[in-house]
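This is the structure, below, for whatever I ask next.
Letters A, B, C, D, E and F mark the chains in the order given here, with residues in each chain numbered from 1 onward.
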Amino acid sequence: MVSEPVVLFFLLGAIAGLAKSDLKIPMAVYEALSIFLLLAIGLHGGVKLAESELVPLLLPGLAVLVVAAFIPLIAFPVLRWVGRMTRADSASIAGHYGSVSVVTFSVAVAYLAQRGLDYEGHMIVFLVLLEIPAIVIGILLAKAGTGGGTRWGKTLHEVFFGKSVFLLIGGLLIGYLAGPENIEPLEPMFWDLFKGVLALFLLEMGLVASSRIAEVRSYGVFLVAFAIVMPVVAALLGIVLGWGLGMSLGGTLLLATLYASASYIAAPAAMRIAVPEANPALSIGASLGVTFPFNIFVGVPLYFWLAEQLYAVGG
Amino acid sequence: MEGEPMRLMVIVTEAILEDMLVDEIRKLGASGYTVIDARGWGEHGKRRGNWRQGGNIRIEVLGSEELCTRIAAHMRDTYQKDYGLLIYTTDALLHN
Amino acid sequence: MVSEPVVLFFLLGAIAGLAKSDLKIPMAVYEALSIFLLLAIGLHGGVKLAESELVPLLLPGLAVLVVAAFIPLIAFPVLRWVGRMTRADSASIAGHYGSVSVVTFSVAVAYLAQRGLDYEGHMIVFLVLLEIPAIVIGILLAKAGTGGGTRWGKTLHEVFFGKSVFLLIGGLLIGYLAGPENIEPLEPMFWDLFKGVLALFLLEMGLVASSRIAEVRSYGVFLVAFAIVMPVVAALLGIVLGWGLGMSLGGTLLLATLYASASYIAAPAAMRIAVPEANPALSIGASLGVTFPFNIFVGVPLYFWLAEQLYAVGG
Amino acid sequence: MEGEPMRLMVIVTEAILEDMLVDEIRKLGASGYTVIDARGWGEHGKRRGNWRQGGNIRIEVLGSEELCTRIAAHMRDTYQKDYGLLIYTTDALLHN
Amino acid sequence: MEGEPMRLMVIVTEAILEDMLVDEIRKLGASGYTVIDARGWGEHGKRRGNWRQGGNIRIEVLGSEELCTRIAAHMRDTYQKDYGLLIYTTDALLHN
Amino acid sequence: MVSEPVVLFFLLGAIAGLAKSDLKIPMAVYEALSIFLLLAIGLHGGVKLAESELVPLLLPGLAVLVVAAFIPLIAFPVLRWVGRMTRADSASIAGHYGSVSVVTFSVAVAYLAQRGLDYEGHMIVFLVLLEIPAIVIGILLAKAGTGGGTRWGKTLHEVFFGKSVFLLIGGLLIGYLAGPENIEPLEPMFWDLFKGVLALFLLEMGLVASSRIAEVRSYGVFLVAFAIVMPVVAALLGIVLGWGLGMSLGGTLLLATLYASASYIAAPAAMRIAVPEANPALSIGASLGVTFPFNIFVGVPLYFWLAEQLYAVGG
C-alpha cells in the first residue's frame, strides 16, 4: 500500500476537486493551517538546533547551499531550449524548483517518524536557507540581458518578510532561544497535532492541485515530463551530497526531498511580483499539480530506497 | 437627488497586489479607498479565492473624474499587461 | 443534572442568539469545525471497520436501510394530511427526518463514552448509508404526480459529492485502508480533540438554532409537535430493530439516535436544489430548531432508558 | 469621462446557487464575473451568512446591455419564484 | 434598458455599528439590504479589518430616491460626527 | 532571558507588522482564537470554583471590586488635568484601564505554571467581575455634567452580552455545573492546547499592536508615560490588597496583573457605542500598543518580584 497514510488526504482532496464536490476549505482556514505548519516546523528545528553545536554546521551548510544553486541553473536551459519556453517562464519555473516545499518536507519527516528513523535537527535550518537563493537566481535569470528594471526592493521584501520564510525563521529563533524545556508546554499544540494538521492541509492541497492539473495538461507533455524528471535528478544530487557529508540516512532523505521539492508558497508570491510576465499557471501547475503529488506518492519512497542502496554499498 | 457629483471607480485584480496598489492609490491623490475580497473569472482564467495566490480583491475609490482618469491610466500602464485586471467607473453622488 | 455536559454549549449558544449577543462564529470556522467532525467520525468508523468482518454486516445493514426508508414514508402523509402542508414542504421535511444528523450521533457517542459503553464500529457505516436514501425518497415524493422535471444530475451530485457524505465516506475509506496503527499519529487531532470541537460546534448550532426557532413558531403548534413526536417514533423503530438484530445496548442507542435525528447539513443543501419550491425555513426550523435540541437534551437519555427496559425484559 | 460604455449587473442571491449560476452566466456569453460573499435581508427573511445554507453571494457582471437583459431574463425565469433574489443594473464605463 | 428606476445607496462604516444600522435601515422603510465585510482607508485612518474593532462593513440598499435621502440624513445626523463613514448613491434599474 | 517564552510570539508578530510582512491572521481565525481563550479560561475557573466553597469568597470579592473601582477614578483626573485630554477621551481611557485583559491574565497564569505555583481558582471569577464595573464608571465619567443622553440600553447590552463577558460567564457556569470529572474529556482541547493557542493569539496581538503604536506616538510622551506608570500603580494596589486578604503568592500576582492590565476586547466595543466622541485610536493605542507589551515583558515579572518582597517581609 501507500507509503504514508497521510497522503491519502491529498487524494481525497484531489477527487473532491475533480468531481466538483462542494467541499471547500475557506481561505482563512488555509491560512491558519499554513501558519501552524510553518511555525511548528520552525519551532521544532529551533529546539533541535539548541541541542546541537553550530560551528560544525557551517561547512556542510555551505556545501548544501552551493549544490542547491545548481538546480535552477540546470533547470533553466532545459526549460528554455528543450522546452522552448519564454525566458520569463523558464526562469520562474527554475526558481520554483530550486526553492523548496515545506509540506513535502513534512511528509518526509512523517515518513521517517513512521519508520522510527532519526535525522539531523539542522535539516530545518537548511530548509530555511534553501527557500531563498533559488528565488533570487530565478529573478536574475529572468532579467539577464533584458535591461528591464526589477522591483528589487519590493521583491526582496516579499522574499524575506513573506510569511513563509518569516514564520520559519521566527519559529526557529523562538525554539532556539526558549530551548526544549520551555517549548514543552507548546508541544500538545505544535507537535502532537502536527500530523493531523498536515492531513487537513493535504486535503486542501489536493483541492487546489486538482484545479491546476488541467492547466498544465494544456501546455503539453514536456512540462509534465520536466515536473517528474527534474525532482528525481535533484534528489540524486541530494542523496550523493548527504552521503558525502556523512549524514544519517534520515538526514539524507530529507536533503534529497528538499532538493526534489518545488516551492508553491514563497516562490509563486515572489515571482508574481518580480517576474510578472511569467505565466503563473505554468509554474504553479507544474510544481503543485505534478511534482508535489509525484513526490509524496512516489518520490519520497523512491529517494529513500535509492539512499538505502547507496548507504548499503558505500557504507 | 442632492449630493456632490463624483465618480466611483472599481478595480478588480489579483489579491497579491493589494499592498502595492493601495499605496499607489494614496499617492495618486485619493482621499480614501475600500477593499473587499473577491473571486471570479475572466480572460486570465478562474480565480477561486481559496488561497492567496488565487484570490482577487475589489477596490473602490470615490473621487473626481480627474482622479479616476489618473488612477486608471496608472493601472493600465503598470499592471494591465501582466495581471488579471478589470477597471470600470460609474457616476455617483456623495452624501457626506 | 443534564445527561452530557457538552450539550450545555448548545444552550450557551442559544442564549447568546436569543439575547442578541455579538458572539458570532465566523462561517470559515463553522466550515472548519464541520469538516473536522465529519472526517473524525469517518476515520474512526473506518478504523473500527478494519477490525471487524464485513460479510456478516450485509444482512443487518440491509435491514437497517429498509426500516429507515419507512421513516420518510410515515412522515410524509402526516405532514401532508394532518399538517395540511404543501406537497413540496411535506416531502422536503420527510426527507430531512429520514436522513440523519452527524452531530446528534456524536452527542450519543459521547453519551456512551461517558458511561464506558462500547458499540459496534459499523454504526458509522450505517450513518453514511442512512444519509442518502431518505433524501432521494423525499425528492421522489415531491415530484410524484407533478410532472415537474427535477435537476436529478445536479441533485444526485449534491448528495454524493456534497461535503457531508463525501467526507464521511472519504474518512471511512482512509481509516479502513490505513488501519489502526497508521491512524494512531492522527489521534491527538481527530480523537482527543473530538469532544472539544463538538462543544464548539454545539455552541454554533445553538446560535443558528435560536434564529430558526422563531420561524417554526410562526408556523404553529403542529410543526413543533411533529418535530418532537416523529423522532420518538423513529427511535422506537430503531430500538426494536437493534434489539432484534442482536446489537449491543450501545449500538442500539446509536441506531435509535440515527433514526430519530434529522439532517441539517446534507438534506437542506440537496433539497434546496431539488425541491426549491419547499420553504427551507420550515424544514431547517423543525430539524435544527426543535428536533436537534430535543434529541440532545431529552431524546438520547430517553432512548437509552427505553432500550435498557427492552434489554432488561427481552434480554 | 472616456471609456467604453457598458452595463454593470449585480445579482444578490443564495450562496448555494453559486456553482450553477456562474456556469450559466458563462454560457449566456459573459466575458467574466466577480463573486463576493454577502449577508442581508429581504422578502425572504434574514440571511445571516453564518453558515452556507444561510449566506448570500453578490455577483457582478460587466457587459453589454443585451447580455444583461439576457442574464436578467434567465435569472427571473429560473430562480425568481423559489429563491431569494435581487437583480439590478447601473451604467458603467470600462477603462481597460 | 428596461427596468424599474431606483437609487442604489452604499454606506461604508465601522463594523461595530452593523446591528444598530440594519435595524434602523429597516425602520426607515427599506425593503432589504446587503452587507459585505470590507477594509479601507479614509479620513479616520486605516481600517485593516483584522479584528472586529478595526473592520468596516459596506451596506447596500436599493430603494427610492426618497428612501435614500431619508437614510442618508439619518446617517449623517447620527454617525457622521463620531464614526468613519462614507455615503454615496448611484442610479440603478431594478430587474426583478 | 525573557520571563516566559510565549511572549516571544508577540515580538514576532510585532516585527512582522513593523517590517510590513505579508503575514496576516485572518479575522475569522482571530475570532476563533479569542473564543477559545475566553471559553477555556471560563471553564477552568468554573471547575476550580466547583472545588471551593463560595460563601467565604463574598467578602474578599467585594474588597477586590471596591478597590478596583478606584483605578478609573485615579486615572481620569490624571488624564484630564495632567494630560489635558478631552473629557470623553479621559473617561474612555480610564474605563479601559479599570477593566482587565484576559490575555495578560493568561500570560500571568502561564508564568505561574512555569514556576509550579498554584493560585486560588476564584481569581477567574474576579476576572469576570472586574471586566464590567470600570466600563460603566468610564461611561458615567464621560457623561457627568454633559447632559448628553447615553444609549444605555445598547451599551449595557454590549457589556453583558458582548462576547467577552458572555463567554467567560458561560464557560464559568458550564465548568461549575459539569464539575471536574465531566470536563475531563474537554481538557485535551481546552487545557492542553491552551498555551499553544495563546502563542498564536499573541502573534496576532503583536501584528495589531504594531499598527497601533504609531498612533499613540503621535499623541506624545504623556500617553506613553501614563500607559506605563498607571499599570504599576494599579499593580501595587493589587499586591497590597492580595497580601492583606491573605491570598497565596500566585493569587496575588494574578490580582496585581488584573488591576494592571487594560482591556482591549470588551472596553473598546462598549466605549465605541457609549462614548463615540472619544478617539478609539488613543485608548486602544495606549492599552494594546504600550500597556499590553509592557505588562507581558516587564510588568508580570516585576509585580511578581514586588509581591515576593512583600511576602518575604510581611509574610
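Quick note on the criterion: a residue touches a chain if its C-beta (ideal position, glycine included) is under 8 Å from a C-beta of that chain, and two chains touch if they have at least 3 such contacts.
In UniProt terms the chains read A, C, F = Sodium-dependent bicarbonate transport family permease; B, D, E = Transcriptional regulator.
For clarity, every value in this text was computed on a predicted model and none was experimentally measured.
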item	value
B-D or C-D, whichever has more C-beta pairs in contact	B-D
Interface sides of subunit A and subunit C: same vs different residues, half threshold	different
Farthest chain relative to subunit B (centres taken as mean CA coordinates)	C
Chain whose Cα centroid lies at the greatest distance from that of subunit A	E
Interchain centroid distance [CA atoms averaged], subunit C/subunit F, Å	41
Separation of subunit A from subunit B, taking each centre as the mean of its C-alpha atoms, in whole Å	34
Per-residue overlap in subunit E, given as positions that touch at least 2 other chains	36-37, 49, 90-91
Multi-partner residues of subunit C (at least 2 other chains)	20, 22, 24-29, 31, 188, 192-193, 269
Parts of subunit B lying in touch with subunit E, wherever the complex brings them together	1-3, 6, 8, 22, 26, 31-37, 62, 90-96
In the complex, subunit A residues that touch subunit B	24-27, 30-31, 154, 204, 207-208, 211, 215, 268-269, 272-273, 276-277, 280-281, 284
Footprint of subunit A on subunit F - complex, ascending	1-2, 5-6, 8-9, 12, 15-16, 19-29, 110, 113-114, 188, 192-193, 195-197, 199-200, 203
Residue ranges of subunit F touching subunit C (in the complex, touch as defined)	26-29, 31-32, 35-36, 39, 157-158, 161-163, 166-167, 170, 173-174, 177-178, 182-183, 185-186, 188-190, 192-193, 269
Complex contact set, residues of subunit E against subunit B	7, 9, 12, 36-43, 49, 56, 58, 65, 68-69, 72, 75-76, 80, 85-91
